[in-house]
Amino acid sequence: MTVPRDVLVVNPNTTASMTDRIGAAARAAAAPTTRVLAVNPSMGPASIEGYYDEALAVPGLLDTIIRHERAARDQGGALAGIVIACFDDVGLDAARCVADAPVVGICEAAMQTAGLLGGSMGVVTTLNRSVPALERLAQRYGVADRCTVRAAEVPVLALEDPASGALDRMRAVIARLLDEDGAECIVLGCAGMADLARSLRQEFGVPVVDGVSAAVTLVEGLATLGLRTSKRGGYAAPLPKAYTGVLAGFAP
Amino acid sequence: MTVPRDVLVVNPNTTASMTDRIGAAARAAAAPTTRVLAVNPSMGPASIEGYYDEALAVPGLLDTIIRHERAARDQGGALAGIVIACFDDVGLDAARCVADAPVVGICEAAMQTAGLLGGSMGVVTTLNRSVPALERLAQRYGVADRCTVRAAEVPVLALEDPASGALDRMRAVIARLLDEDGAECIVLGCAGMADLARSLRQEFGVPVVDGVSAAVTLVEGLATLGLRTSKRGGYAAPLPKAYTGVLAGFAP
Amino acid sequence: MTVPRDVLVVNPNTTASMTDRIGAAARAAAAPTTRVLAVNPSMGPASIEGYYDEALAVPGLLDTIIRHERAARDQGGALAGIVIACFDDVGLDAARCVADAPVVGICEAAMQTAGLLGGSMGVVTTLNRSVPALERLAQRYGVADRCTVRAAEVPVLALEDPASGALDRMRAVIARLLDEDGAECIVLGCAGMADLARSLRQEFGVPVVDGVSAAVTLVEGLATLGLRTSKRGGYAAPLPKAYTGVLAGFAP
Amino acid sequence: MTVPRDVLVVNPNTTASMTDRIGAAARAAAAPTTRVLAVNPSMGPASIEGYYDEALAVPGLLDTIIRHERAARDQGGALAGIVIACFDDVGLDAARCVADAPVVGICEAAMQTAGLLGGSMGVVTTLNRSVPALERLAQRYGVADRCTVRAAEVPVLALEDPASGALDRMRAVIARLLDEDGAECIVLGCAGMADLARSLRQEFGVPVVDGVSAAVTLVEGLATLGLRTSKRGGYAAPLPKAYTGVLAGFAP
Amino acid sequence: MTVPRDVLVVNPNTTASMTDRIGAAARAAAAPTTRVLAVNPSMGPASIEGYYDEALAVPGLLDTIIRHERAARDQGGALAGIVIACFDDVGLDAARCVADAPVVGICEAAMQTAGLLGGSMGVVTTLNRSVPALERLAQRYGVADRCTVRAAEVPVLALEDPASGALDRMRAVIARLLDEDGAECIVLGCAGMADLARSLRQEFGVPVVDGVSAAVTLVEGLATLGLRTSKRGGYAAPLPKAYTGVLAGFAP
Amino acid sequence: MTVPRDVLVVNPNTTASMTDRIGAAARAAAAPTTRVLAVNPSMGPASIEGYYDEALAVPGLLDTIIRHERAARDQGGALAGIVIACFDDVGLDAARCVADAPVVGICEAAMQTAGLLGGSMGVVTTLNRSVPALERLAQRYGVADRCTVRAAEVPVLALEDPASGALDRMRAVIARLLDEDGAECIVLGCAGMADLARSLRQEFGVPVVDGVSAAVTLVEGLATLGLRTSKRGGYAAPLPKAYTGVLAGFAP
């Protein structure tokens, strides 16, 4: 009866195994009537660790979004929503300009969701180099005065390897966020941590928010409400103009 | 197959006709598997216009939540989530302390949702006296620097009366929020406006967010994610102690 | 010659022994020509520890204020000012709407007073669960960036019991506020601590501010200046409307 | 019985007629047991209009404070409190370092007092060139997000001249602050306006706060509470050292 | 005697005529011993109007920087500094990670420079869609509370065409920033306006800051001081990893 | 060919040996065509440690600026720029009102420069009593949320004495700023530390910014750009009026 809804979940790095785990987390959160399309670009960095990787993940992300929206339109349909599954929320503003469907970033989703559950939150992320970017996002999303960000110093792809000791380092950071920083909730600060939320929640007895699943529920909600990005102001559709070189195909 | 979920939507004033309209808006947004219980307290003010009404709506609100959670428990179940359907988000913190289920306020829900759709938002509310309270909420929810609040100077219950001219005054305020204040989205700043979102969206061509439906999708999302209010810190369960007088029954 | 002025000091919890100590602190600070009426409601919680107690202390507080203002009017007089003697400043906004006399909360008074005495302040409060509420008040009163709040983890009513060890735990917190957090003044974060200000000031050699006495001097000052709450905007008098149930008597 | 208390009110400019009016406002607000010493330096600018006058008013201000504290000490007494009666709060920090008695600025006093009376305030000051300094003070005192500052474009000393039209220009600014900016209280943004508070309050029906009288009540309160500037941190007493030239006498 | 210093000025769009004008502005500001290399990428958008163009200008920008730093190294030298000559400061963080030389954005440079010249500033930019991005930059650079951004609604490339009426629309916006918003300085909010600073300064009698020339002086200063981007934290050099597709060449 | 430019560097304390070291740092940073005039007043405090010294250093500072601008005018020339070489940026606003040339403070210059080099900064200053003043400057200059200030507890003039152990205490503070506070750059928080930047940069491997040299490059840049302080608003030239006493000569 209910028409199935397509939610596109884009892992903006090119590591397919990470896309699979992200997709699994997304599907576990999605409504029965939602079809999750978990994909990653074919161009760009294998993982996103710092501003340089961030910037170069964006063309692949936008290309992926544009292609999938076009494909859906060609079949007479439309995407119901789009999730950007990198905790730096790379390309979020650009994606909102170019996409018809509403777009949610997983950092945005996780911080908003944690804000509904406690007065303060602690974010455990991968590398120290990512902390300033996440603090800037906390500022942007209006939670900076009740959010502490700490890194476990584990590379993104080490999260895939049980032998890496990554989980133990994350545990130590979470304990510190709760005990020293007064965090009331924990936010997992990397898409690659999505599958750890449940067990950490049980271990620490506080809400542990994974951005991938949080973002899926948020875009589903927007779809239900019939709400899409405002095209008035900063997210207006790109103006037609020439693009050149290997990016010529991106011309609006 | 999917177990139905009960979402309690509390209109904290005592006007049943307004509760009906709120319930209709909530049901329109809820998933097929969600049962919406739209209720209002039997004690307290007939409408909430300013801080005094706000304060005295809270006992009825808390009583309603406590009773419904107890009833659900008595039947071996539990509420999946609770929505406070007054745009002042009255009693939100107290409700989070006492409820097992996650609690979302409609101002909080609307401002968060609007923040996903545009860079800036304009809130149209009822009376000038409510503006300072809403500006303080915008601060609390981290959107103050991209949110303008304006009143249409219509009493809450006038929204029930098509002959009151309330809608025209709201239209004028919305136009001003878009043109002068640079708002990219509109937020309806009163639970009694819930049924206007769709038509105003079509008229003005920008997202128009109603907090009731937005809050329903947010608590459904929290329920799906298995997330509940942190009981560590500010939202810890009330300590047992004596309450006296007509409020004796509220003793934790 | 000078007409005596009546200042109403409301302890919003129902513990009379605490009201007595608050009254003593208030009288010690009041001008010779001020009569302090230290009272508490007959309904509500025995102590205020967290948001739930806060919310349910408000009806008793408002009832107390309304009755005393009415009694004064009946005798051809008026209250000169009202102090809300709970450090969470419960019901402050609602009280300002309904009272003729100016109203000051003791957290507000203490933070403002400390702001006149040093560049930064440290607040020692009772329970961890109260910290988020006080941090939000620091934000509201504009001192958040120069204020640290820490809890001694002593229940409010333990302050009445010399054998509870409460004082020693407070001392340890004060030392930490001064040494680690760089506080230049100390604020006592609970009405029940009012009688400790003098001895702690001598012990630590820094200003120690008690909100009860600070608030008494502030409302006396407002009375002297002939200043009362603005009735334009957020503190406009409640609009007439029906209230039902056990709260029917509160109808404006 | 009550020992009279000496409050020093320093007009930091050298215009004696303005000192007289400031003294009158101070005395009208002071308790019967307070002796107001309204004085001005013999060196420095005749009025304070902008940062340059501000800076050069400070030595005279400090000299005045130091002399009066020394004279009081020589007579076995002490000042109970000190008011800096220029709305730019010139020399406030330096005065706090060097004075034994607590020190309050009239902008600080007025903004704090207005904050007790309404959710937002409007400041009417003299010249446009003073607006940035007052906006910075609003930031420092934590009211920036609920304070609008506007100038009437009247020179300070024109306030002494009924024929100058200054009052009418102030009235127009006040009307704009209330109607356009949503101010709920008015603050008089110059010590020379002290005598206008009462009549403007009656005319506009909102609280109108004069900083001179507000500051007198605040320092009286601090004296009553036995509170003085913290000497720990930024307001530590000046270290002994050589001063040379015409300022040699200021050496601590 | 003095070794010439090479400053790379990158116009991140592909319009060579605009690069020429930017280069002229840069050279007019540069020291005699500085060689300005004004360049633009061969891939990407012809102008940058909104977030989408921004995002897709970054690969070309980074490629240009990497190539020029490598070429300088191959010749035994090094760039002294890099200017990103688009007022959205596109790719600034990524450039800081990958470049050896210090990097300055023209919005950053202009806002900092204006902050040295007046208490408040007004930015005149091209299109309304760019306003939210610039307001976010004002926040990031710490001038948001003293900065107003307004658009003249002129497309970027219309600035090249004297017949477009662009200048008159800019003049009207500047007048409004000065008269209504109280701006004390004007900032030109687009690299394409660089050549207008001098004449507008004369016309309006206030400082008019062009970001291109301001940024050139800032990077020259950094070079003189021997200061380069910190590689500790957020701007650490990119970690080695695989990049794929058309972006494979960007692999660190 | 290039006309030499005169930059006035004012050490606002009266210690000539410190002026010499400041002058040396300034000259090392200045362009070959810049003549640095490093001077100090003949009146005022021997060092600036806290708000009292600050305030009384200002007349000498302003006198020095006025005399040198007059002397330059008398010779048919003009100062190109003025640096206030005390890290408290004493008298900066007043100097901007009275000077024709642009004026830069060394704290302002150092914080802005550090902001170009890293996401966060740590300031090492002399005495604890100076920390609140520097934190307030960090707020004013918009870097408060990414700046930590710590004192080494060394008196200003001890920096002149290699046997004082001052350098070791500074080293310990720098290590803490990097390790605990996450600073990415270090700012030297006293003009007397100017000569230590280079060696500390090598020792710690992060940018170490000295305000004196940073300020010299900034005013040179302003001179190159032909930009001077806006005389519209807060920095308008002082109005003519009587000044009396030993300060009579300061009358505008």
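Letters A, B, C, D, E and F mark the chains as written, and numbering starts fresh at 1 in each.
In this section, a residue touches a chain if its C-beta (ideal position, glycine included) is under 8 Å from a C-beta of that chain, and two chains touch if they have at least 3 such contacts.
None of the values given here were measured: they were computed from a predicted structure.
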Looking at D-E, E-F or A-C, which one is a repeat of the A-B interface (more than half the contact pairs shared)? E-F
Separation of the C-alpha centres, chain A versus chain F, in whole Å, is 44
In whole angstrom, the CA-centroid distance of chain C from chain D equals 27
Once you find the CA centre of chain A and the CA centre of chain D, what distance in Å lies between them? 53
Mind pulling the residue numbers of chain B that touch at least two other chains? 119-120, 131-132, 139, 144, 182, 184, 233-235
Full enumeration of touching chain pairs: A-B, A-C, A-E, A-F, B-C, B-D, B-E, C-D, C-F, D-E, D-F, E-F
Residues of chain F touching chain C in the complex: 131-132, 139, 144
Touching residues on chain D, where the partner in the complex is chain C: 2, 29, 31-32, 102, 104, 108, 112-113, 115-120, 141-144, 178, 182, 184-185, 198, 201, 205-207, 209-210, 213-214, 217-218, 220-222, 224-230, 232-235
For chain F, which residues count as touching chain D in their complex? 14, 41-47, 49-56, 58-60, 62, 91, 93-94, 96-98, 128-133, 136, 139-140, 155, 233-236, 238-239, 241-248, 250-252
Within the complex, chain F is touched by chain C residues 119-120, 145, 182, 184
